[in-house]
Each structure stands twice: as C-alpha cells, then as structure tokens.
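Look at the two complexes coming up: chain A is in both, with chain B in one and chain C in the other.
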Partner chain A sequence: MEAIKLHYDVSGNDFTCAGEASGKIKRELKGLGFPNDIVRNVAIAVYEGEINMVIHAGGGVIDVEITPECISLDLIDEGPGIPDVSLAMKEGFSTAPENVRQLGFGAGMGLPNIKKYTDEMIIDTEVGVGTTIHLKVYIK
Partner chain B sequence: MTVKNLSEKLNFKFLCNEQEAENREINGCYCGDLLSWVMSRAKEDNIWLTVMGNVNSIGVAVLTDVACIVLTENAPLDDNAKEKATENGVIILTTDKTSYEVASEFSKL
Partner chain C sequence: MKISEIQTILNAELICGADLLESEVFTACGSDMMSDVLAFVKEQAVLLSGLVNPQVIRTAEMMDMKCIVFVRGKKPSMDMIDLATERDIVLLRSDLEMFTACGLLYKHGLKGGSGI
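After this line comes the complex of A and B, so read on.
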C-alpha cells in the first residue's frame, strides 16, 4: 500500500475550530480499519496539538502520513517556541492564560498527553521561530 | 443499561440527540471539567458528568466516544456547542443535581 498523505490547517485563536483536524483524522483512520485504540490515541494526540496551536501559536499545520505499519504526524507552528521543553513536558505546568483556563484547558496536560498516546515524540523548537512536533504511532 | 434507561431512572432531561439514546449502551461514569484530563481518562461508553457546556466539550466527547454528556447543576450549553453536538450525534442531558449526587446515584443502579 502506498503511503496516504493528509494535510490540515489549524486556524489560530479560534477554539470553535479546534478539534476539526483531529476529528477528520479519526474518521479517516476508522475508515481505513485501524484498531479503535490506535484511532483514539492518534486523535487525542492531534487534538492536544491543535489546542496548543490555538492557545500559543496562532494556528499551524498538521501533516499526516499513514502506512499499514505506522502513522506519522508533524504538528508545525510558527509560534513563540518553547523556552524550556522539559518544564513544558511536566504534568500540571501550563502557561495558558485565564480565559483559556475558563474553557477547561490549561491543565498542563497537553504535551504529556501527546507523549502518552504516541510511541515517538520529538520536539523541535526555537524561541521566536516556532515549534514542530514529530510523532509516530506504530501499528503492532 | 442504555442512556435512555439512565435518563428515566435519574430524571434527566435531554438537550440533544434523544433519538440516539435508546441504543446507546453505558459501561461506567467519569466526572471532570478539565478537558485534557477528561480526554486522557474518560473511557468509551462512559457517561461524562461535567459543568463545561462549550464547543470543546463536544470535541472531547467525540474523541473519547463517551456515551453521553450530562451537564450537572443546570450548567448552560452554548448554542454553538449544541449545533456541534447535533452534527456529531453527541447525546447531551441536563440535571440540577451536582456531579457528586449523580455519580452517587449512578453507582447504586
């Protein structure tokens, strides 16, 4: 099977649109017959990525490559970058503003959840330039 | 037990997708308002008790495949959330009870 490539734009500062890419990816993976736990894990990781893009980066893009063995995702934004990645990876650490917390976000679970639900996570980030998160979920 | 049975036993009112409730099975319950927390812990076919009636709650319900959202303490459901729930077949119920009261009653069913 040739790899399936998908691309999604995430608009910035619009919480009503957050979840669209993850919803579409979920439907796509379900349609391709991937197991439910894989579909759920990928969808949660992407949703967290989308929310981060909306809260911190003014949007971004998501590139997906699907093969029978692996689902690879690149979450790319041109936001402010992450000054201290190890701190950002700690459960409970959040820099989300108050208005975002009132919506039920900003629990400091975003990046930890992404790590939890994927097999590989590499964060390329540069302050003032942006962040790209490379993810892989292997089909066992 | 289905969502319909649950609504009858605990006297909930439907806000969205009542027609789906008869065939939607329930296997447990999760309470929480922090969406990332809920997303990583609520299980498929759980009922989800929350006071968050915004559009992102619907996104979380879709991703986690919970059986329904129960808005406790008469928490409001935003118009755009209702629209998104209708589109995505997410069942939403409402009650004046607290999440604690609902969870407590649910555990006795």
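After this line comes the complex of A and C, so read on.
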C-alpha cells in the first residue's frame, strides 16, 4: 500500500476551533481500521500539539503520513519557538497565561502527554523562527 | 451503570444524546483541567466538569468518552451541543457541585479510571 498523506491547517486565532484537525485525523484513522488504542493515542498527542500551536504559536499546519506500519505526524508552526526544550518537557512547566488556564489548558502537561502517547517525539525549534514537532506511532 | 442511572442519581437534566442513555459505563473522572484528563487513559467513559467550552467536548472526543456531566448547573452553548451530538456524546447537567456529584456516583459503584 502506498503511504496516505494528509494536510491540515490550524487557525491561530480561534481557540474554540482548536481540536478540529485532531478530530478529523482521529476519524480518518478510525475509518482506515486502526486499533482503537492506537487511534486514541495519536488523537490525544496531536490534540495537545494542536492546542499548543493555537495558544503558544498563532497556529500552524499538521502533516500526516500513514502506512500500515507507522503513523507519522509533523506539527509545524512559525511561532516564537521554545528557548529551553528540556524545561518545556517538564511536567507542570507552562508559560500559558491565566486566561488559557481558565479554559482548561496550561497545566504544563501537554508536551509530557505527547511524549507519553507516542513512540518517537523530536522537537526542532528555534527562537524567533518556529517549532516543528515530529511524532511517530508504530503499529505493533 | 447505565447513563440513565447517572442522570437519576445526579438529578440531572438531559441536554443531548437521549438515544444513548442505555449505554453502560464503568468509570469516570472529574476535572476542570483538560490536560489532566488527557494524561490518564484508563477507559474512563464519563467526564464530570465545571468547565464549559468546546474543548471539554473535544477532550471527551479524543478520549472516546461517552458522557459529559456539567456540574454546578453549568450550561453548554449551542455549538457545544451540536458538536457533542455529532460525536455521539451524551451531555447531562446537574446542579450538584463536583465533589458531591463524584461522591454520589462513586457510592453507587462507578469507579475512578486509575483502577484503585
């Protein structure tokens, strides 16, 4: 089977729409017949990434590549970048403002959650340029 | 426990999902922090929350949850109701506060997601 490639735009100015791309990706994977736990792990990881794009980076794009062996996702933004990645990866670390916290996010659990639900996570980031997070989930 | 029993125990108003009230659920979690909910997947089927925005529905969607109970009488918007309806998620609304709602469901046999 040839790899399936999907592309989604994530709008940066509407928090209420955040998660739309993740929902589409989830339904796509379900439709392709991947096991429920894999679909859910991918959905949670990409959802946290999508939320981050919206609250920290003014939006971005998500590229997905699907093969029977592996689901790869690239979450790409042109936001402020992450100055200290190991600090950002710590549970509880967050620079999210109070208004984001009132919306139920900004607990500093997003990046750790993404790591937890994926097999590979690589963060490419440069301050002032943007952030790309590469994710892989293998189908065992 | 059936979702209809949750409705009765919490004296809750059904907002949408009448056709799904007879679904069985075994575990629940209560939180206003969506990242905390997303951190622990243990097949929780019910989310109790005092937070009202579309991300509560999205969170339940990503987690394959079947039912959301809004506590403290919180009212979801029409957009949220439409989204939940599309995703086959039952929405309930109770005047009880979080602690009491969770306590009542726990007493009636619904368990937390962590297996404890």
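Couple of notes before you dig in:
Rule of thumb we're sticking to: the second predicted complex is superposed on the first by the 140 of 140 C-alpha atoms of A that agree within 3 Å, B and C clash if a C-alpha of one lies under 4 Å from a C-alpha of the other, contacts with A are read in each partner's own complex, and residues count from 1 in each chain.
Simple rule for what comes next: contacts are C-beta pairs under 8 Å (C-beta built on N, C-alpha and C of every residue); 3 or more make two chains touch, one makes a residue touch a chain.
Keep in mind the model is a prediction, meaning the values are calculated, not measured.
Applying the stated clash criterion after superposition on chain A shows that chain B and chain C collide.
When both complexes are overlaid on chain A, the residue A:Ile123 reaches neither chain B nor chain C.
Applying the stated contact rule after C-alpha superposition, one finds that A:Phe105 touches each of chain B and chain C. By the touch criterion defined above, A:Lys26 reaches both chain B and chain C. In the superposed pair of complexes, A:Val61 makes contact with neither chain B nor chain C. Judged by the touch definition given at the top, the superposed model places A:Arg40 against both chain B and chain C.
In the superposed model, A:Cys70 makes contact with neither chain B nor chain C. Within chain A, the residues touching chain B in one complex and chain C in the other are 15-16, 18-19, 22-23, 26, 36, 40, 43-44, 47-48, 51, 103-105, 107, 109-110, 113, 116-117.
For chain A in complex with chain B, the touching residues are 15-16, 18-19, 22-23, 26, 36, 40, 43-44, 47-48, 51, 103-105, 107, 109-110, 113, 116-117. On chain A, the positions that touch chain C within their shared complex are 15-19, 22-23, 26, 36, 40-41, 43-44, 47-48, 51, 103-110, 112-113, 116-117.
Taken in their complex, chain C has these residues touching chain A: 32-36, 38-39, 41, 49, 51, 53-56, 58-59, 61-64, 79, 87. Only residues 33-37, 39-40, 44, 52, 54-60, 62-65, 80, 88 of chain B touch chain A when the two sit together in their complex.
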